[in-house]
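Think of it as A, B, C and D in the order they're written, each chain with its own count starting at 1.
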Amino acid sequence: MSSDALIDELHAGLARIAAPYVKDLQLRVLAASPGEVTLALPVTPHLVHGGGVLCGQAIMAAMDTAMVLAMQSLTPDHAFRPMTTVQLSTSFLRAVPADVGEVTLVGRVLRAGKTLAYGDIALSTPDGKMAAHATTTYALL
Amino acid sequence: MSSDALIDELHAGLARIAAPYVKDLQLRVLAASPGEVTLALPVTPHLVHGGGVLCGQAIMAAMDTAMVLAMQSLTPDHAFRPMTTVQLSTSFLRAVPADVGEVTLVGRVLRAGKTLAYGDIALSTPDGKMAAHATTTYALL
Amino acid sequence: MSSDALIDELHAGLARIAAPYVKDLQLRVLAASPGEVTLALPVTPHLVHGGGVLCGQAIMAAMDTAMVLAMQSLTPDHAFRPMTTVQLSTSFLRAVPADVGEVTLVGRVLRAGKTLAYGDIALSTPDGKMAAHATTTYALL
Amino acid sequence: MSSDALIDELHAGLARIAAPYVKDLQLRVLAASPGEVTLALPVTPHLVHGGGVLCGQAIMAAMDTAMVLAMQSLTPDHAFRPMTTVQLSTSFLRAVPADVGEVTLVGRVLRAGKTLAYGDIALSTPDGKMAAHATTTYALL
């Protein structure tokens, strides 16, 4: 399957499964290969708090979504296999200014076992600096 | 200060500071004392994903907000002291069904140092069962 | 089963299963009930680093051991059920001085599912202050 | 400074500062550059539990030590700058058999701020498979 076809499938899966609260993030898949996806998150005023920076809540929501899509990219038919987040831990390394345009997330599956999967997600600003990093464990149902 | 007055101040702080994305959660402060707050999160269809349960992204967003309010409750005048989340780690223990009504979060500050603070947050369904648990570190600026 | 009998079984399990590296901690079970154990960790010079405080490595090792014992206390015959740590996250809240004597750990199972279990562990100095806190997920094999 | 000279300084720092409990791990620095170190951890019987695998307590202890050394490699004179672990989170991905010989840890500083630093550590078996992964936050004093 070409990368473009995989991207289309991930977008379709997101449209079908994600809560409206997640769709509000307006995430776009920029690139995808089995076990790794790159997403763009537009830093809209909707996601910016009174301190003038991207709110951590939106960052965590995008982190989790990136890993769901990275997991989906690994399944044979790129279907959403039933799974649940066991644990997600996010570290916030730099504030993301409101005028940055959009940020990029790269989610990678580091270990896909039979019942548990583990991965990390890096969120970077357009200058290439990592602004947040997450690790996560999923249970496959 | 009475608990009711503190609740009013926390609501006012949330209205002034929170990103629209966080306000979409429609969190309400049910109880507050210095270093501990109890919030209600209505499980609206907006927060439910295709699997029919409250999405983890909304849970994490509510967890973070609960700790911001618990920290605010500790400051002398209950003002939002400038701070930033360093790390937030959430464990998901049970799925929260879409028809549960609302869930309750209790955020507690366990350690408030000069530069760093640490706390935990428990999210429970109406039957009293813990459905998610988070720990978090904040940096005071 | 009395608490004393349970304590004896936990000590026996530890003696049989733990690595010598863990036995070096000289942990003692002070109290135990199903799903909760209290341990004492002597702060010996062996565990103190050049900065004159209990090293974090010993703290984490004791944290993990506390949860293994708390899980064992839940099994019908208090046998060591085969399990593996999926994730352990420790936050260090206060330095523990070398001359403190011993510290106390309370490990609690917060959720025991069929395949995964979750708990937390608090480490306190004799003055009752929490010095470290951990959360952990176990997989039952 | 050559890599060999840096390795010598890290070994000297470890000998001077580490608790005996950490020295028991017999960690060796294999390679070092500013912000990244590679360590070898011999899987000795001392570190193996009754299940016949490297105990998680030794893994976490080595993880923490790897990051201390990676931080030291970043300081101008490679001195141990006073710092403290704020948080360390380890995920265990695969059991490490007792007969594996030694495992390798790569610790990387991903963000070194003025007061906080963040990094990750990967532990791999000789076949190149990642067996454990940790992330950690340090406070610079």
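Convention: contacts are C-beta pairs under 8 Å (C-beta built on N, C-alpha and C of every residue); 3 or more make two chains touch, one makes a residue touch a chain.
Fair warning: this is a prediction, and the values are worked out from it, not measured in the lab.
Engineer: Where in A-C, A-D or B-C does the B-D interface recur, with over half of the contact pairs identical by residue number?
Structural biologist: A-C
Engineer: Relative to chain A, which chain's C-alpha centre is the most remote?
Structural biologist: So the chain farthest away from chain A turns out to be C.
Engineer: Indicate the whole-number Å distance between the mean C-alpha point of chain B and the mean C-alpha point of chain C.
Structural biologist: 29
Engineer: Express in whole angstrom the distance between the two chain centres, defined as the mean CA positions of chain A and chain B.
Structural biologist: Averaging C-alpha atoms per chain gives centres 22 Å apart.
Engineer: Two-or-more-chain contact residues of chain B, please, as numbers and ranges.
Structural biologist: Each of 86-87, 89, 91, 137 in chain B touches at least two other chains.
Engineer: Which residues of chain D touch chain B in the complex?
Structural biologist: Listed in rising order, the residues are 86-87, 89, 115-116, 137, 139.
Engineer: What part of chain C is in contact with chain B in the complex they form?
Structural biologist: Where chain C meets chain B, its residues are 89, 91, 93-94, 110-111, 113, 118, 120, 130, 133, 135, 137.
Engineer: Inside the complex, what are the residues of chain B that reach chain A?
Structural biologist: Touch residues, chain B against chain A: 16-22, 24, 45-51, 55-58, 60-61, 64-65, 80, 82, 84-92, 95.
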